[in-house]
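Below: a set of structures, written as structure tokens.
Next come two complexes built around chain A: one with chain B, the other with chain C.
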Partner chain A sequence: MSDLFGAPLSVINVGLAQFAEPIRAAGANVVDVEWAPPAHDEDIARALARLVNRADIEAANQTAFGRYLAAQPTLKGVGIARDVLDGLGERMILHSGPPITWDEMCAPVRGAIAGACVYEGWAETPAEAETLAGSGEISFAPCHHFGAVGPMAGIISPSMPLWIIEDPVHDHTTFSNLNEGLGKVLRFGANSPDVIAHLEWMRDVLAPALVATLETLGDLELKPIMAQALHMGDEVHNRNGAASALLIKRLIPAALDAGLDAKTLSDVVTFINSNDHFFLNLSMAACKSMLDAAHGVPGSSLVTAMARNGVNFGIRVSGLGDTWFEAPASIIDGLFFPGYSTADANPDLGDSSITETCGIGAFAMAASPAIVQFVGGTASDALANSRRMGHITFGRNTAFTLPALDFMATPAGIDIRKVVDTGIAPVINTGIAHREAGIGQVGAGITHAPLTCFSAAVAALAETFVD
Partner chain B sequence: MSDLFGAPLSVINVGLAQFAEPIRAAGANVVDVEWAPPAHDEDIARALARLVNRADIEAANQTAFGRYLAAQPTLKGVGIARDVLDGLGERMILHSGPPITWDEMCAPVRGAIAGACVYEGWAETPAEAETLAGSGEISFAPCHHFGAVGPMAGIISPSMPLWIIEDPVHDHTTFSNLNEGLGKVLRFGANSPDVIAHLEWMRDVLAPALVATLETLGDLELKPIMAQALHMGDEVHNRNGAASALLIKRLIPAALDAGLDAKTLSDVVTFINSNDHFFLNLSMAACKSMLDAAHGVPGSSLVTAMARNGVNFGIRVSGLGDTWFEAPASIIDGLFFPGYSTADANPDLGDSSITETCGIGAFAMAASPAIVQFVGGTASDALANSRRMGHITFGRNTAFTLPALDFMATPAGIDIRKVVDTGIAPVINTGIAHREAGIGQVGAGITHAPLTCFSAAVAALAETFVD
Partner chain C sequence: MNMGTRIIADMYRDSVALMKISSAITLLDGVSQASCIMATPANLDLLREAGLIDGDPGARPNEVLIAVEAETDTALGAALDAAEAELRADPVIADGGGDVSEPLRSIEMALDANVDANFTLIATPGPFAAAEAFKSVRLGLNVMMFSDNVSIEDELALKTQADQAGLMVMGPDCGTAIIDGSPLGFANVVRRGDIGIVAASGTGLQQVSCLIDAAGCGVSQAIGTGGRDLDSRIGGITTKRAITSLGADPDTKIIVLISKPPAPDVAKAVLEHAVATGKPVVACLLGHTPSEPSLSGVSFASTLEEAAYLAIAASGATGNKPGGLIEAALPGLNADRRYLRALYSGGTFCYEALTMLGGTLDAVYSNTSSTGIQTLTDPWTSTAHTVLDLGDDLFTRGRPHPMIDHRLRNDRIVAEAQDPDTAVILFDVVLGHGSHEDPVAAMAPALSAVPGQKDGGPVLLGFVCGTGGDPQGLTRQREAMADLGVLVADNNAQAVRTAAAILESAQ
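Coming up: the complex of A and B.
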């Protein structure tokens, strides 16, 4: 100790800033680190204490994580929602995020639902559709309750075409809607006649062409495409250019052999080619497939879904059944398109955070330094995000490696205990929707899952352990 | 000073190791840095001294570099070598690298030339072709002497189809042969009947299909594709997967509209789709275009070509006309395919180092951390290569940015003075050919341009300044 105080001191002060003052006054060099004890709520701290260092939870997580790793999401085809979704009501519309009533919904989701009602022929105009939707005659449910996911508003109505993804390892099927492209699209709440006409083209031309193409192509495993895309600058959430191109390379030869007429072939190829996010919905359904495999393991503290409905953010946990643990959806810190600002932004929206739940998206941001031009920050921030998420995850997914971190496998298996213990919130890359329906995307950025979802889940998990 | 020696010393010893010994013996902590004074040859040092800090050379380099930046290589079409190469002899074969005689050539180049003779109908068998080639009846010249480039053996014979690249800014045309794909291919010296049949298919089916497609597509600027590929994990020399996919996305809709018959369309798409290096030859011809724009500026010390014929490595310098400055080609430090080792490797071969000359390839390796799985090293090495090349280049090419270095523009415009002054040799990513003809690629790795090419060029440039 006498040696220590004989030399000039460099001090790191963690937490309360006033501890640093006398040291600084005495002439030492002090760096302040902002820090507060995590789990500051006493009840949550007690609940967490009951859940740490338990062999049974470790074993449950090992089981859940093993199932997640073993899943092999495989693109099987395209089908119409009413034909492929078990229990979908004839007048039911699915939306992103946790459950929500019409009255509570944000404007982009309402706009998208109104558009879906017009598309289904249940109403003549969006205004008529809004009256219908508020009348109680239409029922609403989360996509997640039907094994499905959708970006932004995430709308699935009975006659929409869906991607069908099977995991043969766990004999489980997941779904997503098809990406409409950029510009004025239903998922941002647009519902004008051109938006509806495009949805009809997707149902009447694109979907049958994809059915024929996929029948010619046969099964297509999605993890290898996602893994290769991670080596090509995608994080497969907000950058899908490489994955979409790799998909196109697989689809085109099959499309040529599928006997499509020349105009259909040309229109379909032009449409897919023009949309760098075409793969996004497949990425999401593949992530849903891997995470559903991990769901339902008693005692497991691993997160199997994170989703937002534009009002609330919800998570599901493997060992906690179908319960959603919710908190208000965050506002996103991002880069806005010219003319827009945070004041225009809808709170966090969409099922696409299933990618981060799965260890890609912002968790794999080290693979995608170029994305900082779109979501903000620097290349170092991108690396730091992937590294930091390693503190709150159960393991690493060796199927998905990050070249810039010397092929480190991506961190995956968010553990609610680690989130609450460290106070590190899961990071999410996301598009930002305008808070009014139909204006569309106004930017993109980085946000974090609200910590209170995780502390509520910790409390609930602790209650399941009565010993 | 008394303060300095009062505290424990940490010493960095640069150069002669024996200087460190007494310090280490006295108990200090010493790190040795290997270093020798560059330009140790006295005549070269004098020549270099005459070339530094000259306003006229700076101005010449500014002119040359400005032309390099302004070039806009544009894919215009595909033509047959004898129709598009000015002055190509009827029995002439072009090869990669600086000039070389048949007797001096390495086996893969001889094998490829023999294959080209059979392909041209000048000989029935490769053996007969080798006799013919050695007889003096066939003339040989570097691709570079005809504004062309070719990977590995780089063979161009009169009836081969070539990419035609125009730079409208400087009204200049460059060329490359078409990539044959992987496996048994002419560019590695293979010349069996299936190799020849594939070349015939490329001439008779692929080339006309590309002509029709490019007529439908119109002009295609190549720099934007290369720039986008750098954001997708390519360095556009040994990783071309993204650039090839982006090219395919541009070609397919045009191919669909070009009225090709269904079988041709399917065969051509399947062929292009199966070759992640399909873009390489376009990348090379685009680089040749940019560097030709910079060539021929009196007094400029910038390198406008680096090329290897498998025996010798040669460079050309903007201010030094058509002279090649040569040194023996290096052996490559790389990763070998199973069953092969350095003993199997041909020395450095091919015109593809035109990419590094242009600031991409290994110079842009920071864009492509995933390439270290192919050429060896770590992600940090990839970043370090791009950073280090900044010490020997005139400027940066803002058309080509490196996301992992926070979008730093790639270093470009190799200055022979800086290479000789620093002793830092230009780094090159490269495939490794088997030293016997026809076995093909046996690995890939990293090598460096031989420094003596640059010191010879410095001596020659100094002679042009008589003041």
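Coming up: the complex of A and C.
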């Protein structure tokens, strides 16, 4: 039957497994699809069908992915938010995740905002700050709307110091706040006087010291550090011990030459050295840099941001402009610190899932098998997670490789079509915040991006094509 | 000595991996020194000390620098190429422990796992089936849609897109096919041979292929098109493509076309298309009065039985001559029993019976419309002569098809037997992959509950559509029917004629 099939019959069997056996018995090749209705929604399934294997989408994705790969996030320095963020209002506070109003915000984010108001001198006490924040006098916006990212509550207020990351290839700048360390910290909603005092120290001592150090050091490209850390047991989201150590290795000689006084040098080095997550915010801003490069390619189905505000999970798609596609944020499966349980957990929170969007974090879980222990998994589960993500991504990033998978490049470029078609949700490693403000981190674990964000994006992308 | 460098941008490799490549390149003919490094200042210093580079090669810390010293330009170029190829090679993914296999969750994922795939068999709920079919066509796959409940607009769009892409869409509502000897969907195990079948009717395809098998002949390909393909809105897109394929297929000597009533203009176009292949054509277009009697090369058959007979003859064998009755003596009728009650699981059998009875019996009622047939107002209750398609959506809503689940028909058999007007209960038994594993056993409780003829009961009359190769066994099923007191016909047309003869003899 040459002109019909041109090759021996080879079947993909969709829907009824019993149909495969007679075909197999007759000697033909047959594979079974474990089919489930895409998004359990007929309209989404039809929208998806229109988007599969389109030359224009493939070309757009190639462009977006090429830009993502070419981006070269480079640490340039540290600056104060009001000086470096274009359009930041004088009384504006940035938060993680998609847009949200004060009334809808979760307690840790409210607590952090109250702390930021006190830190900025807009209120005397957190209680007064909450009244102010609810009064409408403070405006709120996602960090992402300013090229920035922040872990957990992700709070950036005008006088906070920010990392400045430049991508010279695309002449684009991204930002993140500085990691405060562990314990009682603003990003988990703590706002007591010691938390505020620590933020002031970061602004008044740490930031100038870093400015001087980075001036001495010069430009620092971040991808090589991330790549190396992946070979040292980090996945550069929930484990940053190696990357933080590699960063300190670079910073200390420069800090010694930067003319800092002995006390400052000692305090700064001690602080950085005590925080295994110090690199996290740089990792996030670097990921934001790579993904911003990929954003805004008409027709592209690649995800350029995944972020949570503690109430909703949102994604952005390269070809769909600034729209957020949202769904309720999940509760995280994980291990809890002594005395805490799932009942204490706030729903998924923070911009740090930018790392997974970028092909690291949980996507590079094979690099960091210890992570799966949070959910009682085995090392082979970690490898399986990295492999599985390859089924929903456009390509692989050869800049980031996974030793345990024979140096396989990490899967990257989440394709909304593949997510909806396979029902495989992007996996995310994350810390767990207490649902009450100020208690802090209560555990860590693994969660998945809600599929409905992706199906809504598929529907929207289909609308942009007439045929 | 020739020295050269090459920069591989934006790549990170572990120093051990790079040393491994360096040492392999050093061993190449004509190469005296080679090194691959991450181009950090410290590493660049090392290369300078080794005399492999001079000055600033312009590489950055996130780039791999290949530096080679070789005896000739050719060797230098070859070494740089070899190093780059090695760096860019896709790693063979080692099984680092754990389960590598992942369930295939989409057609695209299956295509990644089975790159040779050329066909999708879709049996999902109807509303999603069209989406999966569109996807398949976009991915360059031929399609068989077992699913029904697909709109005619979708069917037209699918078939048009497929045709433009050089692909075939069989269905929707394509229950059966045999491609390259593989039974697809509800198909019988049929010997391979030189008869190609194109059918817009599932049970029609099954009946003809089974009768061909019984005569010792075989089928090259049996292509289902879906019941609406010869509708004027579809225009026979799949039928024509299938005919073209069979025309080009060296293993196909005879082409058989089967359908329920086609749109006349579509029938004409399709027949002309078939004639153009130059191969003998047998056409069984039930309910269609050929307006093209002079179309040379086409033999028209009025029943599936006749279609099989003509195809068998064209294949050089001799089949059972059509038009006869069952060999056993016809039974008489009891008392006032005077009506036929035909309970079909196969839609085409129902339709064929209606076309045969329409001019023979008075007052035939059905849930299927046909010339001279009256529509039942309540299909759950029989009136006069009643011929039912129990595979109709009306009966299958919320329950499996009667070829799989016999409960509905069993209940109806018992009910008909209790009706004093019922003279003959006629039914089909369809074998093959997908059908009930032992259909006569499943019907036995109902059949044995019908009073025998000597006890004043109605005549039980049935036939089996199947082959000796089918998992259920043709002979075993026929014998089981006979043991239950059923008169067993060879095929539907013979059963219908026999029923008519029994009714006539009583008048």
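Just so we're on the same page, the second predicted complex is superposed on the first by the 426 of 467 C-alpha atoms of A that agree within 3 Å, B and C clash if a C-alpha of one lies under 4 Å from a C-alpha of the other, contacts with A are read in each partner's own complex, and residues count from 1 in each chain.
Heads up, the rule we're going with is that a residue touches a chain if its C-beta (ideal position, glycine included) is under 8 Å from a C-beta of that chain, and two chains touch if they have at least 3 such contacts.
The shown structure was predicted, so the numbers you read here are calculated from the model rather than taken from an experiment.
Shared-chain residue A:379: touches chain B and chain C both.
Looking at the shared chain after the overlay, A:252 reaches chain B, while chain C stays out of its contact range. Counting residues of chain A touched by each partner, chain B versus chain C, the larger count belongs to C. Applying the stated contact rule after C-alpha superposition, one finds that A:224 touches chain C and leaves chain B untouched. In the superposed pair of complexes, A:46 makes contact with chain C only, with no contact to chain B. With both structures placed on the common chain, the touch criterion links A:403 to chain B and to chain C. In the superposed pair of complexes, A:14 makes contact with chain C only, with no contact to chain B. Of the two partner chains placed by superposition, A:59 touches none, neither chain B nor chain C.
In the superposition on chain A, A:197 makes contact with neither chain B nor chain C. In the superposition on chain A, A:27 makes contact with chain C only, not with chain B. Contacts of chain A with chain B, set against its contacts with chain C after fitting on chain A, overlap at residues 228, 231, 378-380, 403-407. Those residues of chain C that touch chain A in the complex are listed here as 10-14, 17, 38, 40, 60-62, 88, 91-94, 96-100, 102-114, 116-125, 127-132, 134-136, 138-142, 146-147, 168, 179-185, 187, 220-221, 241-242, 244-246, 248-249, 251, 433-434. Taken in their complex, chain A has these residues touching chain C: 1-16, 18-19, 21-23, 26-29, 31-38, 42, 45-46, 48-50, 52-54, 69-70, 72, 221, 223-224, 227-228, 231, 366, 378-381, 383-384, 387-388, 391, 398-401, 403-409, 418, 421-424.
Residues 231-234, 241-242, 245-246, 248-249, 252-253, 256-257, 262, 265-266, 269-270, 273, 369-370, 372-373, 378-380, 403-407 of chain B are the ones that touch chain A when the two sit in their complex.
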